[in-house]
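Next, two complexes with chain A in common: one pairs it with chain B, the other with chain C.
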Partner chain A sequence: MEGIKQRCAEIMAKVFKIETSQVNDETSPDSITQWDSLSHVQMLSELEKSFSVKINPEEGINLETFKMICDWVEDNVKEG
Partner chain B sequence: MGYPNLDKVVNHISTKSLFQKKAVKNILDNADSKYLAFAEEIIIRLNTAIGRGESHDYIATAYLDYTKMIRLEEMYFMKEGKYRLDNFNDAYEEIYSQDGHMHDYVVGLGLTQIFWPNHYEIVRFYLDTFLPRVKDSGIGAEVGVGHGIFHCELLRSAQKIRTTLIDISPVSLDMTKKMIAATNIDENRTSVKISDIQKEIPLKDQSLDVLLLGELIEHLQEGELVLSALAKKMKKSGYCFFTTATNAPAEDHILLFRSLNEIRGFINRCGWQINDEHVGTIKRMSLEDAEKGGHTINYASIISIK
Partner chain C sequence: MIDEKSIDIIINQSVYDLKENEKKQKLLEVVQCVTRHHYEQCYPYKRLCDKRGFNPQKYFSFEELPYLPTSLFKDIQLLSIPSDKLFREIKSSATTTGQPSRVGLDKVTSRRQSKCFNRVVINRIGNERRKFIVLDKASSVGRTEKVSARDSTIRSLLFCASEVDTCLIEEEEKLRLDYNKLIKLLKDAEGNPQGVVIFGFTFILYAHVVKRLMESGNKFKLPGAKILHIGGWKKLESFKVSPEKLISDCCETFGVFNKDVVDFYGFTEQSGMIYPTCEEGVRHTPIWAEVIVRDPLTLKPVLNKQKGILQFITPIQTSYPGHSVLTEDIGFVNSVDDCNCGRKGTTFKVVGRSLNAEVRGCGDIMGDLFE
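Right, the complex of A and B next:
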């Protein structure tokens, strides 16, 4: 899980132009100014590329915290 | 003076969606009294037009459903580089013929005129730049009436004008009539025509002093034919308010413009000239960045026939 968390944090840092140190389980659009609905779509796209996974759009738009994102990745991605 | 109806809708939105709570807070933090008064009035009118008593929760939910739809379509667009639909029949089957969905749709779309900065800027361009050019009397029409907000303002501004509302959706036509009534305007000043504008334009040639085509063209499979045909319905002295957008995925968008020059070329090919324009990008990015990145540019213009 730590590997997944690190990769997700790096993706969020890249998309939202923040430091990975700003990312924790409670991180959400409330705590990150740059995390809005448009950048959320961009983040989902980056997650798909990075983890070679397809995110169901209806699920993806509801992933509103860092923890939810990491949990989704852990449940849906088989790490090699 | 407070804005209790706006506050109620904002509270409902903020409770249900983190993203929209943030977006709405952003616009309110920068709002002037003109915006607040306008937003309050629109919500009061929508409440009246919906006719179910206090409907702030429903209005907020319709707006959130609309924004969710846009996000889903954006995800498709980002991957595929095109709009999901490529023909009007599918749009009709999925959306325009579904009365319940259409009601939610037009209410949600109406709220974007308040809560999306680019849409509100187009409203202001319409109110402050277009409407002063419209004669007080004469003949007007709107094709694709949607929520009715623009039509109400036309009738308020040009107090002797008589108009025709044209739409393929009876729900849109009904909502617009109800919004007109909610604006305390005599409904007898308008007549209603249900029509697929791609098959029939129920207007006389050279009859129009004013024509409203707000976010119509991107919904059509035969957009070029329609805009060319509508040119014939205008008086030489008449004005048309035309809006569209580049790279703007939505569940019923078909005609994709990828650049401003594509839009301008389209208008010119259809026999119109551009008198004035307003453009707006998401997050105030440059036009170059918007076009390179495939992001939405909202476009409004005042056009007349060549």
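Right, the complex of A and C next:
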């Protein structure tokens, strides 16, 4: 899980142009000004590329905090 | 206290699967409950009900439920929550009278509206993220301090996007189509096996994109693409373009099928409620809404197929009494539960605006901004 968290934090840092140290479990659109509907789309695409997964619209709208994102990746990424 | 769970139950059900006899009682019970909530929490609404001799504690039908005309939302902000619970305010595009409608949302209503909106959109265009070509300016999709109703509509659709490109440029408060960029985006889209989504306000889509592409003889092959549009038709009157012509011109220009051109209908006073045309070209009420058509003169309900003013009922707004709204739009109920697309529910068509209605709708207002 720590590896997933680190990679998710790096993706968020890259997309939202922030430091990984600014990312914590509660990080959400309410705490990151740059997290808008467009950057959310970019973040989902980066997550898809990085973890070789598909995130459908229904899943994407529920990924509202860093913790939710990490948990979703943990549940949906096949190890190996 | 309102029973939030009863609303959640209804909005979590299959969007269009219940037949009228199964849906009606379920929806009516929730609407009755929400009506009592607004009666108790919103004094102006209570006064209106009292004045009309309406007692929400007694059993009532959809037809008996008082309706609020959209003009009322321009005059005052009606709230059924304490003002410190206000989370967002949505304003309609400023109309020719200069007075926008305003509705106040708390977090619960806002989330509920998004959920209903998203479920309807996914049902129509599929649960798959696709590349979006937005016929608007770049700032309409990014974070800005002020969010217009138009920007808000565009952003609310981006949950279905995997990538977003825009192709309008704003110069000195005027909008201009970046034609070369549009051509490049459409050429690139021809090689996209997933099929892109082209989204724009109706007037821009037709007058500044489809018409221009047709005049220049540019045609594309985009099978699997979806053409989504929303907004008023009034600005298109000078082009004498009917919904049928818009669809056929889109099909010819973009190489898509009729069923892939989707016209969204919605209005600020019941934001979150969206009625896309189905594959058969009609609109369906989801399980959490009903439509009633009223005679423009007597305001009495009319029979199916007869034209009149459209009234919409839904229990999803608990922060303001927007649960029964009389629009200024004219339409008719087409049928119930028998659409060939397979969705159940009342189907209806919107055919125009009532005669004394002003030009409104994001698409209409947007036309004024074009060079």
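Convention: the second predicted complex is superposed on the first by the 80 of 80 C-alpha atoms of A that agree within 3 Å, B and C clash if a C-alpha of one lies under 4 Å from a C-alpha of the other, contacts with A are read in each partner's own complex, and residues count from 1 in each chain.
Note that a residue touches a chain if its C-beta (ideal position, glycine included) is under 8 Å from a C-beta of that chain, and two chains touch if they have at least 3 such contacts.
From a predicted model like this one, the values you see are computed outputs, not experimental measurements.
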item	value
First (chain B), second (chain C), both or neither touched by A:64	first
Partner chain in contact with A:37 - chain B first, chain C second, else both or neither	both
First, second, both or neither for A:28, with chain B first and chain C second	first
First, second, both or neither for A:52, with chain B first and chain C second	neither
Contact residues common to both interfaces of chain A (with chain B and with chain C)	36-38, 40-41, 44-45, 57-58, 60-61
Interfacial residue positions of chain A with respect to chain B in the complex	28-30, 36-38, 40-42, 44-45, 57-58, 60-61, 64
Residues of chain B that touch chain A when the two form their complex	18-20, 22-23, 67-68, 71-72, 74-76, 78-79, 282-283
Residues on chain C engaged by chain A in the complex (per definition of touch)	114, 118, 121-122, 127-129, 141-143, 155-156, 158-164
Touch list for chain A against partner chain C, complex	33-34, 36-41, 44-45, 48, 55-58, 60-61
